[in-house]
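Given below, in the form of structure tokens, are the structures.
Next, two complexes with chain A in common: one pairs it with chain B, the other with chain C.
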Partner chain A sequence: MANIKLEGLRHSYVDNPKNDEDWALKQIDLEWEDGGAYALLGPSGCGKTTLLNIISGLLQPSHGSIKFDDSEVNQISTDKRDIAQIFQFPVVYDTMSVYDNLAFPLRNLGWDEAKVSERVTEIAQLVELTSMLTSRASGLTAGDKQKISLGRGLVRTKVNAILFDEPLTVIDPHLKWQLRSKLKKLHQLLNRTMIYVTHDQIEALTFADKVVVMNFGEVLQIGTPVELFEKPKHTFVGHFIGSPGMNILPCKLDGDNANLGKHIIETASQITQNHKGRNLEIGIRPEFIKFSDDGLPVSIVKVSNVGHAQIVETSFEDHKIKLIVDEDVVLPSNNAHLSFNKEKTYLYADGWLV
Partner chain B sequence: MNKTTNQKAWIFLAPVLILVAFNAFIPLMTVINYSVQETFGNNYFFWEGLTWFENILHSERFHNSLIRQLTFTFTILLIEIPLGVAIALAMPTKKGIWLSICLVTMSLPLLIPWNVVGSMWNIFSLPEIGLLGKLLNSLGFDYNYTRQIGDAWFTLILMDVWHWTSLVVLLSYAGLVAIPDAYYQAAKIDGASAWSVFRYIQLPKMKRVLTIAILLRFMDSFNIYTEPFVLTGGGPGNSTTLLSIDLVKLALGQFDLGPAAAMSLIYFLIILLASWIFYTLMMRNEEE
Partner chain C sequence: MELELKEVVKTVRGKTHIYPTSLTFKSGDFNILLGTTGSGKTTLMQIMAGLESIDSGSIYFDGKDVTKVSVQKRNISMVYQSFINYPNFSVFDNIASPLYVAKFSEVEIKKRVGDIAELLKLSPLLDRNPSELSGGQQQRTAMARALVKDSSLVLLDEPLANLDYKLREELRDELPQLLAKRNSIVVYSTTEPLEALLFGGNTATLHEGKVVQFGPTNEVYQYPNNLISAQVFSEPIMNQVKVIKKGNELFMQSGVKWQLKGKTANLQDGEYAFGIRPHHFKIRAKNDGFIRISGTVDISEISGSDSVIHFKNDDGFWIVHLSGIHSHSFGNSIELYMDTTKGILFDDNGNAILN
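On to the complex of A and B.
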């Protein structure tokens, strides 16, 4: 159990990083509170796994420090950090039984067999492996193997954090849901810090209390699922989370107003003259746009029905704007106009929320 | 749907059938034919039934060759397999110049023609002029592989280890680099010792390639002929006369075609049986 703090973390896989591209992690300052359920969300190659491996000590960062409860652990080896890590592909020791697999970390610590047996039985119950303790690990399904990995992580009495690296990738879809709620339950039961890496927003949003969105080796936003949805701090977050994602529309500054073509768009952001000359965009989620009698004139391009709602794709000048309306709304045949919910309309400068 | 009769497939199969017939089936049948007959030349053959088989199975000469053969095969297996695995473990895992150097060095002995290997070691070990022979003698060892049985065996085994350990190394290395990183990472997290990593990750993951390596080395060493023939010619005396050398002496030296044919078949059946038993045992373990 510990607070995990990352300070000024930078990492590069090349010896002499020259430009931004060479850094797998550009600059990370993060604090994981003890007992939290976190998701680390981002597209493939954004540095999620790198970050995870640095926490567990499988990787030494190029710069920066990792602190568990305010004491630096950079020099402490992986097995002494008391971290459990579950990998994308299940890792089991093929020649051992399920029991021996679970007992392995304890035997490496030199526990005596009576204590090992007691602890393994307890953990097997927790991860629901009791019925197969004597079978050989190699013949089991991917789901059961992942449970073994998880059990091996939990079996030590002191676990500072449990790290999941896209653990459900190779699990059958119908089991994914089961295992995910199992993990959620385990979190409530054990109250240990869990960090769950994924590129699947649904997995992230359902599992975590707090989601850390990463891209290009940086943390773009940390927040609850609701915060990420309602007020994305970066256009990438807006676009990546939500289905369909946020509409991002290039705009111009005219006085204190953001203009889309000739139309003034009211936003919740504070616009100042400092923003002149920067790359400005308006962000608005499809959920917060409505058809109205006046406002932004658009033409309807495509309508797709998704059951309870319809996703309408419209175009304004060269830009596509999507909106979600209820299934019973009658779409205007021509002269369609859109109105944006001012409170949920944001201005972004160079990608970041103003 | 109507079933159509089309015999064209036979034409496509013909080349391989002819090939197999000439390089396996016909020679084997010829040997079986010889093994039950006696000939005194001029292509006159007399039916002998299973006499040659009985003779060979009761022959002390055959027993001795077989014992020498088994001794040789198990000795080289006991040395080459652990040594090969050890070298493979010591090789660099990351791509780079050192890996290339290691791989090329390892491949070299495998590229040398077998009779050249025999000649090389023959000269290399000569007590008066050979690098190894001269060195051993100047160090005070009374080493002479053409006269002393122990020295002959020592040289023979050393030659085979030099020649064939590389094969085990290359196969084991291929097995090792195929292990995903996650296994090593998990082992680190579980606090596994280097020995545990070897015992529970590397060795089980190498099992298939090692099975192949052991089978190949078993069969090849049972068939070995050229190198010992060039090195010692089976001597001193009969001390390094392995099965194949004995067989050639019997067939071409004494021209006893019948007994030689019977011996070939027994020889062949031993290899087949041993390989089958070994393979079945290894694979049955796998299924459990």
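On to the complex of A and C.
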């Protein structure tokens, strides 16, 4: 187990990178403490897989260093880094039994069979494969195969970190819930460093203690799920986290006020004249908007019932504003007005939180 | 227009893939097939398309028997989970390909491709090759090709499953409007209950090759006809516990009890299953329909705005979905209030007893 540090990490897939777009990773500095549960979250092409490959040693970074417990591992090969990886598609030896699949990494390390048996039994219990140990892997469901991958990742006793690359993307919703909570529980039991890469905000937020949000090869914010939800530092984080994401509304500065059309919107941000001339937007999450007797006049465009709540899409002038209300709230039939929770309404200048 | 499946059966090497299935879809409706992988969604769609033969039963289109009509003659568009495009064609030619086949005039082709590209935000990309596009753009190209001609039947087989979460959200928003403008019969398959809820329309719940329930989406969600339909249309799963009915009271194994109201109060005494969705639990009782449930926390998952807590007690395992942030560690004791009026009783055979 190890503390993992990335210092001044940059990577480009082209030989002579010239402009910003040539960099798959622009500049990454971060530290992951030993035993933590982390997530790397971002859309396809944001650089998260590049970063993962650098950590596991499949890729050499163009610049910067990667350290395990303060010693640089850039030159150390993948198999010597003691990292377990679990991929989107389960990697399983179909012709072997579940037992042999789990035993495989240990036999490769030359363990004697008595010790192998002890360890495999222990891990099988953890990932709930005990009853299937003698079955051939080929006949199993996608979920059970992913459990084998997981078990094989956990079976070695000396592991610096366990990396998950979109492990639940191809799994059905019910099973996804089961495996996700299983993973979370395993982390509580084992206290190994786990790094979970995904484009799915719900997976990232529910799994990790700390989430790294990336876009265009840059880290936009690192925070706990609650921090990312309640105070996004960038409009992209606001949009990407939450379902639906934050409402981002272009606004104008009038004195010390932020105006939406002719309406003054009170925000938690300190507005100064320095913000004049920059691209200004108000960010407010659907969860922090309510219908009220006065406030911003809107018309209701669409209502979707999502079981536990209703997502209401309204329009104000040319802007779409979404809000989430409880399933049993009766919606205003006409003359709808919205009020924003001031403490959770923020101003963004050129995308960044003011 | 109307598509009707009558007692359709499909077997493969002696194994039944689709049990006798009858369904009617009308144009202008958004029809959803909801079920897990392997429940028969894709097979059913391929039967509708004429890509799969059937063992018995028949398929009618506007009253005409098309069971034996080949796929080429059925005027169908299909979109698959994996993005299928012609790699050597530009995006424009990919979208236009069905129009070339149908020998549309050049002017008409330009107009149609231009219109659908505009709708699907592909206009700036028409000159590119599919390999130069992101996954979302590739799937939008495949969709544009499916929608560019006036098909009588549009089949979408989990079209968003391979897309990024946020892109999926965006397309979920756009798709119903896009399809509503057409006079086609739309059938859409998904594994995700949330997707069905967002689209509305009609939903058929599928399980192991059988249609369990079919009706307006909200009705199927709120009034499942049995336990299987309830579970297929639930995310996370519906909590399900054993209860005993005695007089007008229900007892859980742990001794927790409550009064029955309405029709269910007149049921025969005995054992039933009680199902309740995870979001019908609250921190505080709102009225006398709420009863206290306590247990020991297994894990809690916080998503930023909501919390999902897994706990156990003498009645079994529970999953609850609460709004707001409620952090509980493994082993903590927890007390919540369950809205018993939102629960559903099921008999021995798993059939729902609706109030």
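What we mean here is this: the second predicted complex is superposed on the first by the 324 of 354 C-alpha atoms of A that agree within 3 Å, B and C clash if a C-alpha of one lies under 4 Å from a C-alpha of the other, contacts with A are read in each partner's own complex, and residues count from 1 in each chain.
FYI, a contact is a pair of C-beta atoms (placed from the backbone, for glycine too) under 8 Å apart; a residue touches a chain by one contact, two chains touch by 3 or more.
This is a predicted model, so every value here is computed, not measured.
Chemist: Should the pairing of chain B and chain C on chain A count as a clash or a fit in the superposition?
Modeler: fit
Chemist: Is A:228 touching the first partner chain B, the second partner chain C, both, or neither of them?
Modeler: second
Chemist: Give one of first, second, both or neither to describe whether A:79 is in contact with chain B, with chain C, with both, or with none.
Modeler: The first partner, chain B, only.
Chemist: When the two structures are laid over each other on chain A, which of chain B and chain C touches more residues of chain A?
Modeler: Ranking chain B and chain C by residues of chain A touched puts C first.
Chemist: Which holds for A:19: it touches chain B only (first), chain C only (second), both, or neither?
Modeler: Neither: A:19 stays clear of chain B and chain C.
Chemist: So, does A:205 touch the first partner chain B, the second partner chain C, both, or neither?
Modeler: After superposing on A, A:205 lies in contact with chain C but is clear of chain B.
Chemist: Where does A:71 make contact in the superposed view: on chain B (first), on chain C (second), on both, or on neither?
Modeler: The answer is neither, since A:71 touches no partner chain.
Chemist: Kindly classify A:242 by the partners it touches after superposition: chain B alone (first), chain C alone (second), both, or neither?
Modeler: second
Chemist: Pick one for A:108: touches chain B only (first), chain C only (second), both, or neither.
Modeler: first
Chemist: Could you work out the angle between chain B and chain C as seen from chain A, using CA centres and rounding to the nearest 10 degrees?
Modeler: Between the chain B and chain C centres, as viewed from chain A, the angle is 70 degrees.
Chemist: Between chain B (first) and chain C (second), which, if any, makes contact with A:270: first, second, both or neither?
Modeler: After superposition on chain A, A:270 lies in contact with neither partner.
Chemist: For the overlay built on chain A, what is the smallest gap between any CA atom of chain B and any CA atom of chain C, in Å?
Modeler: It is 9 Å, taken between the nearest C-alpha atoms.
Chemist: With the touch criterion stated at the top, can you tell me which chain A residues are shared between the chain B interface and the chain C interface?
Modeler: Overlap of chain B and chain C footprints on chain A: empty.
Chemist: For chain B, which residues are in contact with chain A within the complex?
Modeler: 180, 182-183, 185-186, 188-193, 196, 200-201, 204-205, 288
Chemist: In the complex of these two chains, what residues of chain A are touching chain B?
Modeler: For this pair, the touching residues of chain A are 53, 56-58, 77-79, 83-85, 87-89, 91, 93-96, 104-105, 108-109, 136, 149, 152-153.
Chemist: Could you list, by residue number, the parts of chain C that touch chain A in their complex?
Modeler: Chain C reaches chain A through residues 36-37, 134-136, 164-167, 169, 191-194, 197-198, 200, 218, 221, 231, 235-237, 277, 279, 298-299, 301-305, 308, 310, 319, 321, 323, 325, 330.
Chemist: Give the list of chain A residues in touch with chain C in this complex.
Modeler: Where chain A meets chain C, its residues are 43-45, 142, 172-174, 177, 180-181, 184-185, 188, 199-202, 205-207, 225-226, 228-230, 239-245, 285, 287, 304-309, 326-327.
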